[in-house]
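Can you read through this structure? Questions will come right after.
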Amino acid sequence: MSLSEIVEQVHREMADHIGAGKVADYIPALAEIDPRKFGLAVVTCDGDTASAGDADEPFSIQSVSKVFTLTLALEKAGVALWERVGREPTGSAFNSIVQLEHEAGIPRNPLINAGAIVVTDELLADHTPEQTVEDIVAFLRTRADDPSVGIDLEVAWSEGDTGDRNASLAHFMRSFGNLKGRVEDVLHVYFRQCAIAMSCRQLARAGLYLAHAGTDPMTGERVISEVRTRRINAIMMSCGHYDASGEFAFQVGLPGKSGVGGGILAIAPRQAAIAVWSPGLNERGNSLVGTLALERLGALTGWSVF
Amino acid sequence: MSLSEIVEQVHREMADHIGAGKVADYIPALAEIDPRKFGLAVVTCDGDTASAGDADEPFSIQSVSKVFTLTLALEKAGVALWERVGREPTGSAFNSIVQLEHEAGIPRNPLINAGAIVVTDELLADHTPEQTVEDIVAFLRTRADDPSVGIDLEVAWSEGDTGDRNASLAHFMRSFGNLKGRVEDVLHVYFRQCAIAMSCRQLARAGLYLAHAGTDPMTGERVISEVRTRRINAIMMSCGHYDASGEFAFQVGLPGKSGVGGGILAIAPRQAAIAVWSPGLNERGNSLVGTLALERLGALTGWSVF
Amino acid sequence: MSLSEIVEQVHREMADHIGAGKVADYIPALAEIDPRKFGLAVVTCDGDTASAGDADEPFSIQSVSKVFTLTLALEKAGVALWERVGREPTGSAFNSIVQLEHEAGIPRNPLINAGAIVVTDELLADHTPEQTVEDIVAFLRTRADDPSVGIDLEVAWSEGDTGDRNASLAHFMRSFGNLKGRVEDVLHVYFRQCAIAMSCRQLARAGLYLAHAGTDPMTGERVISEVRTRRINAIMMSCGHYDASGEFAFQVGLPGKSGVGGGILAIAPRQAAIAVWSPGLNERGNSLVGTLALERLGALTGWSVF
Amino acid sequence: MSLSEIVEQVHREMADHIGAGKVADYIPALAEIDPRKFGLAVVTCDGDTASAGDADEPFSIQSVSKVFTLTLALEKAGVALWERVGREPTGSAFNSIVQLEHEAGIPRNPLINAGAIVVTDELLADHTPEQTVEDIVAFLRTRADDPSVGIDLEVAWSEGDTGDRNASLAHFMRSFGNLKGRVEDVLHVYFRQCAIAMSCRQLARAGLYLAHAGTDPMTGERVISEVRTRRINAIMMSCGHYDASGEFAFQVGLPGKSGVGGGILAIAPRQAAIAVWSPGLNERGNSLVGTLALERLGALTGWSVF
């Protein structure tokens, strides 16, 4: 089967499942999304592209943004970043604070909320919140090769309304000296990065450098070193799905990062970047149908790293 | 560089590090091992073999055995095994009991002690302890293609002396109904499987089916299905180094399983199986120099899955 | 009202509640107890006695025995006991193992299972298990002034059948060096002390020294020093009802120790010892009607220490 | 000995200890206190008063204020308060957040920081922050019979600077719906109530109603019902010294509440209220010499409730 045929087949196989899962309701602006949306896009290192369903409709990328801010922060801070955040899975939920207390304010990894807040704080150093937000959006526009990528402000404000848990995490780390900026500034940026809206096609294109050793195969531009690319992928594999990361590795076998908006970015190293979107979440907060689709795509392409 | 040259180079590069780390002292019979031992062996799917240092000297494989008993238990019990043990990293130490209390006696994964005890209990169903031990040893002799593989009984008895922590885990799970056999029978088998002695060359050969989609490339024999092979590798990646599994994925980028005897089995899917042995452990209980050697081997071969 | 009238009134007030709660079912021999049993006995420091209901029917004292073994161990080991067990409430269930892992095998207090197992281990030093059991029973016969106090062996064996959780606790502490005896010996004694059968009248009489500064007001005999008596009462107040100890202090205002057989021993310092028995337990494992009865008795007598 | 002689003797016995312990340094304005300060005051239900040392020098009462806001909130909200905060000891440090996550934002008791923040939030309902602060101060002025009681604003501002941990607790509970007010309003009040400055003599006088069944023995005024008085005392006994509450019950045998300013209020029911002040803290954050002084006072007066 060609890539297009495979993508079409996965889409067809999902028909019976579409609508399953529970749309995130704790961010009001997300609760209204149609649960029957489904998009899938694949961009290969050779420049091939295939997509199906609502692959051109923007959705809130939420925590998928953590992969891109991690890329930026590693380029800015280098290995010093690892003094502020670990690289281990937590075995806990995405917004757990328990581990932070036991480990003196150092989050386990940059893909849980606490860790991503530290990463954002790193980006904020020597910048205004507004400038930091602009830099993040500009990076994604360049990576997606599409200037239309932007922030859904309704979602950003909506997060601010319900952001007590993240404020708690931020103050907690600040009490241990592991937050340099003001909590309100860090959260200003954090809520906006989570509210970036992208389509599957844009998201897969934006993540392509992670499948191609850190360079953009379309432009030849180096985004990040090869070693760091591998390490971001390793962290996605270990930690990209919160306390269901082991399950995702087991079922899909690819590095991936999910968001509560129902999107998942998965990387098939040396092959392709894949973005899927289906708003219904499983009980661990990851897209239910999105995970199934990636499992089938992996089986049909043989792209599992294992 | 040829594979042999690469292996030699890694061996040379380790010269400054050999002897670093702390030999496990809680199993008396292991405490006397010379900390300056170092062995490395690679067996490729093409039949190539390369080794260096003490690659032919048997050592106690300890927790590396968990990968092999998992293979046997999956073949025996199928997916029913996953009702008794999870597939997620723990974020905790190898012998932690905290998670078990919070999750009603179901261990997080089969590569921590509690999970491996459940796996052993599964193998014990309908068998005597003696028969179960024989089956495990027979499997490893066949996989290593070497009938000299056996149990170091001094180590097995030595574990029995210090086995209160494992007895505690076993009784704990039994109190939740997640252990069918008698604790003393299960531990009889468990201590013996941990005390199996193998050389790096034997261990790499024995693990080769995990690099070759579940068949032995030398004999063509199918050991386990392709899907299950991928899943065992995924679990090794997520959980093979206890609360340093993320770090191992980050540094080495290969599925691997360590033991407190200082051995590590790493799998480069579609390429090779690798075994390294150096008794000094880092603060998380994994071979310090062994991890360094695998990191260098990965860099020189480009075998990282990421 | 006279003491007899108060006790009668409490009995009458309980009529609507008798039978409430859930009889412990994890010890088979206890599961068959008639849930409508209710006994209440008060013995004052002046020699007054009053009782109601099934106050002369023996029941399994279970964890109430921990107060008496603590008395014996303090006399035997003195302050050295406090190097092996703490004096703080746990905030956790009676059989939790989490705290033990975090605090290196030192149980928080002597009235949870782990702590009582350490206390029993202390009594076992230099004695056979059989001798230790005899000493405990002899102490209770003397204190109850009744040679008919004995062990319900059916219950003792029944505990042995279901004792995996306690075996887990014992092995866990032994792995940290905080158990000197063999696990099977310590549990042999522990299961028998829990299976001692006493009536409310015997139990209140036996506890009278705790209400009278450590001497038996009937015989003048000193059982334990005044300071240690106060401290045992303090520990009963802080820790006597597991993770409902604060609630018991709040509702009843007296030091007390409950057992899963449905018995509670409460001490009104300088006034009286009180024993109540009603097999139905609340969701924290303490006698539901027994607690209500003590609350009413406290209100009518004004014996709350607060 | 007369009460005055006892108080003098305790003061003399402390001479060798004064200055021991470590002054709290995380609130800058408290870090400069002379560690050799020592005050002791006793006010009996009969109107007797005795004091020693720096008993007339105001100090920051800090968490001792939690007893008084609890009194006010119980009068305002009644038993509904107990739907928002529990009555159990935690077994954890004063500012731990772990229990909150496990128990869905309901703090274990009103004498840890999280619980006291909920109590303050209750007082804030239908009031401005300024009015709430005034009400608390007015209550303490009346209870102490001294209009000079006030807030040390330098300390209040100093807490605000270092208040990230408390902000984290407040946002955390708010994310579970267990905080009604705005975090900044609640903390405005909370930091001011902690910064109230009182002398030992004022503090003992203010707490006298807790020793006298809820009425002020000097004026006859009922402050709170007898039942609630007993329950506040019970909570002080179970929870008044964080994870050293059991130890305080064991050593002193009286309900008590400590603050990081080095003050402790202890209640001898039906006898007296006692305030002690010595800034050096033990490793659990309670006044080291203050605890010793109370232990000796208890021994010389025989006021232990046990």
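Points to keep in mind about this one:
Each chain gets a letter, A, B, C and D, in the order it is written, and its residues are counted from 1.
Note that a residue touches a chain if its C-beta (ideal position, glycine included) is under 8 Å from a C-beta of that chain, and two chains touch if they have at least 3 such contacts.
These figures come from a predicted structure and were not determined experimentally.
If you take chain A and chain D together, no chain is in touch with both. Least step count on the touch graph, chain A to chain C: 2.
Annotation, chain A versus chain B: rotation angle of 180 degrees from the Cα superposition, expressed as a multiple of 5.
Using mean Cα coordinates as chain centres, the one most removed from chain A is C. Inter-chain centre distance (chain C to chain D, centres taken as mean C-alpha positions): 32 Å. Measuring from the averaged C-alpha position of chain B to that of chain D gives a distance of 55 Å. Annotation: 47 Å between the Cα-based centres of chain B and chain C. Listed for chain D are no residues, as none touches two or more other chains.
Each chain pair that touches appears in this list: A-B, A-D, B-C, C-D. By the touch criterion stated above, chain C contacts chain B in their complex at residues 96-98, 100-102, 162, 164-165, 167-172, 174-175, 183. Chain B meets chain A in the complex at residues 86-92, 99, 108-109, 229-231, 233-235, 237-239, 243-247, 249-250, 253, 255, 269, 304-306.
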